[in-house]
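Every chain is named by a letter (A, B, C and D) in the order it is written, and numbering of its residues begins at 1.
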Amino acid sequence: MSNLGTTVTLSQNEAAANDCLAAINSRFSGSGVVASVERHSNAKKYAFVRITTPPQHWQALAKWLRFDLGVNYCSMVTGTHFPEGPQERGWEVAYHFLRQPITDQLPNTHTVYVAEKLDGRLIPMEFEVLIPLENNDTPTVPTVQHIWGGADWNEKETWDLVGIKFEGHKNMFRVLNPHDSPEGFHPLQKQHKIRYHDHNEMYDDAQGFGRKPADEGRIK
Amino acid sequence: MAQMWITMGPQHPMTHGLWTLRVKVDGETVVDTEAELGYIHRGVEKICESRDFTQVTPYCDRLCYVSAMTWANSYIYAAEDLLEADVPERAEYIRLISAELQRLASHLMWLGAFGPDIGNLTLMTWCMRDREMFLDLLQELGGSRMHYNYPRIGGVKRDIPVGFADRMIAKVKLFERRIEEYEMMLDESTIWLVRLQGVGYANAEEMVEAGVSGPNVRAAGVNYDVRWAHPYSVYDEVDWEPAVEKPTSVKGADCYDRYRVRMEEMRQSCRMVLDAIEKIPGGKNTNYANGDEMIYQKAPTRAPEGATGFSNYECTRGASQFYVKGGGDGRGKNPYRLSIRSPMFITIPFVAKTMIGYKVADIPAIMGSFDPCIGETDR
Amino acid sequence: MDDAYDLRGLIFDLVDKTIPPLLEGTPLEESTGQLVFGLATFAVVNIVFLMLFFSQFAILWIERKAVARMNDRRGATTALRSLWVGENGVTAGEWWNMLPFGLGKPVGAVNKWLNKKFGNRDEKFATVDRVNNRSWMGYSIFPGFFQNVADGMKFLLKEHMVPQRADKLIFEVSPFLIVSSTLLILGIIPLSSGIYATNPELSILYAIAIFGIAPIGVFFAGWSSNNKYTLIGGIRSAAQLTAYEIPLLLTLLSVAVLSGTFNIIDSVHFQHSAGAWNLFLMPLGAGLFLLTMIAEVERVPFDMPEAEAELVEGWWTEYGGMRFGMLFMAEYIRTYAACFLFTHFFLGGWHLPFQGLIGSIPLVGGLYLLIPGAVVVLLKAWLVFLLVFVWARFSLARIRTDQILEFGWRILLPLAVFQLVLSAVYRLYLFDPSAMDDGTYGGTSWDALGVPFLIPAITTIIWLGIFFLMLNDEDKSGNTERMFHVYTDKPAGTYVPGQE
Amino acid sequence: MADTGENFAAFNSRALVEMVGGVTDEALKVTKIKQFLSVLAGRFFNWAGRKSLFTLHLGIKCCAIEMAAAATPRFDGDRFGVLFRSSPRQSDVLLVNGPVSKKFADKIVRLWEQMPEPKYCIAMGECAISGGPYFQSYNILEGVDTVIPVDVYIPGCPPRPEALIDGFGLLREKIIRIGGAPSSERESEKPLIVGDE
């Protein structure tokens, strides 16, 4: 077994998660930001930090995570629609961050991390930030486009599919749906049903020759 | 010559799929670029909300058409996180082997598509030809050439057949020789070097800032790999090393570095499967029946409202992540919300900006060296 | 030495015997001479063009087969072996078993032995079962030969489209410009000293002038299609061809200086009567000629104008139907003409290798000399096409535009000038005009110090040594960081084929 | 006879041409040579049209990989004259190998219109036939036949390269029947399905 690629042990991971939790609590205690250390229940049962924050504290928390805690990688943004949800949680935005020990390289060098010797900020760690939003028609959350470059297109996609507005987001446009989609059409909202959602017309025309799409007029 | 916009795509040999790259050129020099996606947006996330957890796997197979197995595994880990399923170790080994074979096939497909970008047509047929070896192996497992629907929540669909181990060892050992043939043809060809070296610089921190991951970041000299940072399978028990590159410039990794790091990843995958097939518990030539507890443990099929599952998986193009919310369909049989994070969706806009300042002839080299896959990008 | 089979003289005699009696007493009698010349020339030109055209199908066929083999197996580096050794011992139909009386049995045995010796050592993992039977009712002579005929006829059927905003006149004219100027090249290419359409005094200059016309058509086509890809392709083509015309001209000028004539047939005669082919006297010139010709006919690695990767199909993106078919044909005619010119300038044309030595052997020598010159020329041209054009196309990558231009201006041009000076020196000081002999055995003009073939031998050895040095000069210690810098347990390029 | 209005000088060249043409035409008809020539030319051009099917190099989704595999040595579609061109002007077959989204529908119609007649369309894979696994999606048309007339359907998800080559074989049989008829004139032609008994 070589010195490369030995894995981060569970104890390292646990310690790092607890450090992050302590730092967050010491910084944001009593401001509605709730943090906890959770464990994945799949393969290796690794620990990660789950933070729940109200939207008004989100930008301050993001800056602090990025520049003080060294969370340098915004991996995914997930928006969810809860039509029957409670008043304070009709929508939810979930950010997933990774802390990666990435540094720029001098020419002709490469960084070989020996996982057992990693400590402090160099230990990779997962963060999950949940932002519940009011149950209204215009869910809005402050953007972190200028803090993580990786959040840019993720937020575009979240607005395009789910319809959550990111205020302050520059150059917002539809990335996946056609540009001529009707205003306010965000397909992942729960009021939109998929075709044949009640499974009736599915088996009328097995070969599908005679079938025409429901939106035939919109193309050509 | 005056500056003009050129629209490359959606049907263009460079794009490796369906997307549009709008390039503003001044003579032969690229001045500005715009990427436009969404030509094969299928709405998988919406459809999966009306499928139960087992029915989602075929859709995850079809997310990326050259690395179906890794994407299916990625979803399976998220679902196991959600449903709290336990996986027998033999199944984990089989998943590792299948994923690494798929990684070999995917990198071969990348190299085969990368050759014509530079103008070398022979490379395409060579790589597709060697890829068939691994497709045959995966076909023995999954039964299909491309979309296997192989992993199950709590195990795998069926055990490795008898004699699979010998065939796999023979083919992988043969392929290790073939890698050296490729390097003999490419690395020692001056034209190949002058086309790739010093083209398409991108350094590590910029890429991580923009959300790029996987081999493209490892080419810039940092060995961040999910397989050792957040190990999800038995990667900590088999013998391997992350392929890391030494960029020759402060500006970061160029196309040649990315090419080299993928060739090296193929070597490491060969090494990994050769070691894993020996260490597999239960013996490499025994075939357990479907549903045997050595390869499959029954998992709960319903997830309560509010339960979430998350998986971070080293796919062939970077970190692919799934975020699953339970409690859909009123009874918890379906995911309430399934969110897919595709590495290429974030990489392609970054690559489009990377091309600025290079020649028009460098666009395919840069784009191909980042290994785009539009199926997973548009979802 | 003139070719024994003088088709031209034959036809002229025939016409000269048959026509004048018919014209006796008719008002055409006083113009008999012109009529005879016209009719004979007409016949000869038709015959020569037909020979060139039908032999051109062989070019396309050779490319398809060679490429199939290269892509099947080891690729260009060892593909020539797999031209006769099939894929896992499977060739395109075991044709030797179809010969009568088992004549082909030894061929089959040799094939089997070659497979055992050099074939793939991994039959049981072989993933390619290339369909080995492309035969028609069991006969697989020339499998796939008529595919190109089908393509050409299909183009005739296709609809003719002109883009709406294209400059219609120029768009329509430019293919004809390219094709006609390309066909004019074939007029001066002799198949042997007795089979040629016409033989102007300065045929070398004529060939180069005609080669220079087609780029204008390419640029017109690219510009008039009103498509940005074709525009870039046309401009690239113009720049590239301008950069590579000049080294080509200088190389041919050095050929002319060496052989003392601007006529193709005379230069071929000179190579024989002086005793050595130009290839051995100016290897540098031969290399320059091939490089510049590959750039002239726009094949890989110099095919920037039709770079499929970034420009969809290059400057002919907008051409479909028969226009595209004609352009496609013109490309291959130019390539074919380049092969012929290389054969005539450097490979001694229709002269057999070691004609003097082997011809002096009794019995065998006579048979050896009976081989028609046209056959020799065709075989040489096909071999040049296979070994140079096809092999380069399918083993090399494409060079970038600026690199192509830099290579042309900074490297090829000085080398061409150097070659010109060198050939002048050869002609003036090393050449012995008195020893020229146009007989079967050829002359001995390149002997020195009484040693036969001393100068060609020394020249070839020197240039081969330089080539070998340049082949192995890559400074591994200098760029270790480049070649071997991957964190791996086995560095790249350490594989020796044949070793396990 | 003097003033019949006919004189030799008035016998102009056009009449001569018409007369000669009519005579030769009659001669050809009588001797069946005309029919023979037309049949022969038709046979030859039909052979050419079905032996060289240049396909548009358009990769949409999964089936594009199988399309590439069909062109590589193991399956070698080139031996059936299936060659891939990148420009629609030079291609005969539009191989739709994936789902057609609303955003791509007008683009693929444009590609189809850029191809010169005679042109053929092959729907490869379930997505191109009926939307396949995504038939319920909000962004996918239910098959390419809603925007383009399809000649051959190749079911499978994805179909194996052998099935693709079989589809080209079916297209050849169809071309034997319809010849080089433009796509507008063969609306009545029933589409063929690979594996259909």
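What we mean here is this: contacts are C-beta pairs under 8 Å (C-beta built on N, C-alpha and C of every residue); 3 or more make two chains touch, one makes a residue touch a chain.
Please read these numbers as outputs of a predicted model, since none were measured by experiment.
With A-D and C-D as the two chain pairs, more C-beta contacts join C-D. Closest chain to the protein centre (all Cα atoms averaged), using per-chain Cα means: B. The most distant chain from chain B is C, comparing centres defined as mean Cα coordinates. Chain centres here are Cα averages; for chain A and chain D they lie 49 Å apart. Chain C and chain D have Cα centroids separated by 35 Å.
Rounded to whole angstrom, the centroid-to-centroid distance between chain B and chain C, based on C-alpha atoms, equals 44 Å. Chain A and chain C have CA centres that are 61 Å apart.
Touching of two or more other chains is recorded for residues 72-74, 86, 101, 103, 136-139 of chain D. Touching of two or more other chains is recorded for residues 12-13, 38, 41, 43, 46-47, 50, 125, 129, 132, 241, 244-246, 248 of chain B.
Shown for chain A are the residues that touch two or more other chains, namely 4, 108, 110, 112, 177-178, 187, 192, 194, 197.
Residues 37-38, 41, 43, 45-47, 50, 77-78, 80-81, 84-85, 87, 92, 203-205, 208-211, 213, 217, 220-225, 227-233, 235-236, 239-242, 244-250, 252, 309-312, 319, 321, 323, 325, 336-337, 339, 341, 345-346, 349, 378-379 of chain B touch chain A in their complex. If you check the complex, the residues on chain C that touch chain B are 70-72, 74-77, 122, 124-125, 127-128, 228-229, 232, 235, 300-301, 303-304, 307-312, 393-403, 474, 481-483, 485-488, 490, 492-495, 497. Taken in their complex, chain A has these residues touching chain D: 177-178, 187, 192, 194-197, 202, 207-209, 211-213, 215-216, 218-220. Listing the residues of chain D that touch chain B in their complex gives 56-62, 64-66, 68-69, 72-74, 86, 88, 98-99, 101, 103-104, 107, 111, 133-134, 136-140, 157-158, 160. Only residues 1-2, 4-8, 40-44, 46, 48, 72-76, 78, 80, 94, 96, 98, 100-113, 115, 124, 126, 128, 148-154, 157, 161, 174-178, 187-188, 192, 194, 197 of chain A touch chain B when the two sit together in their complex.
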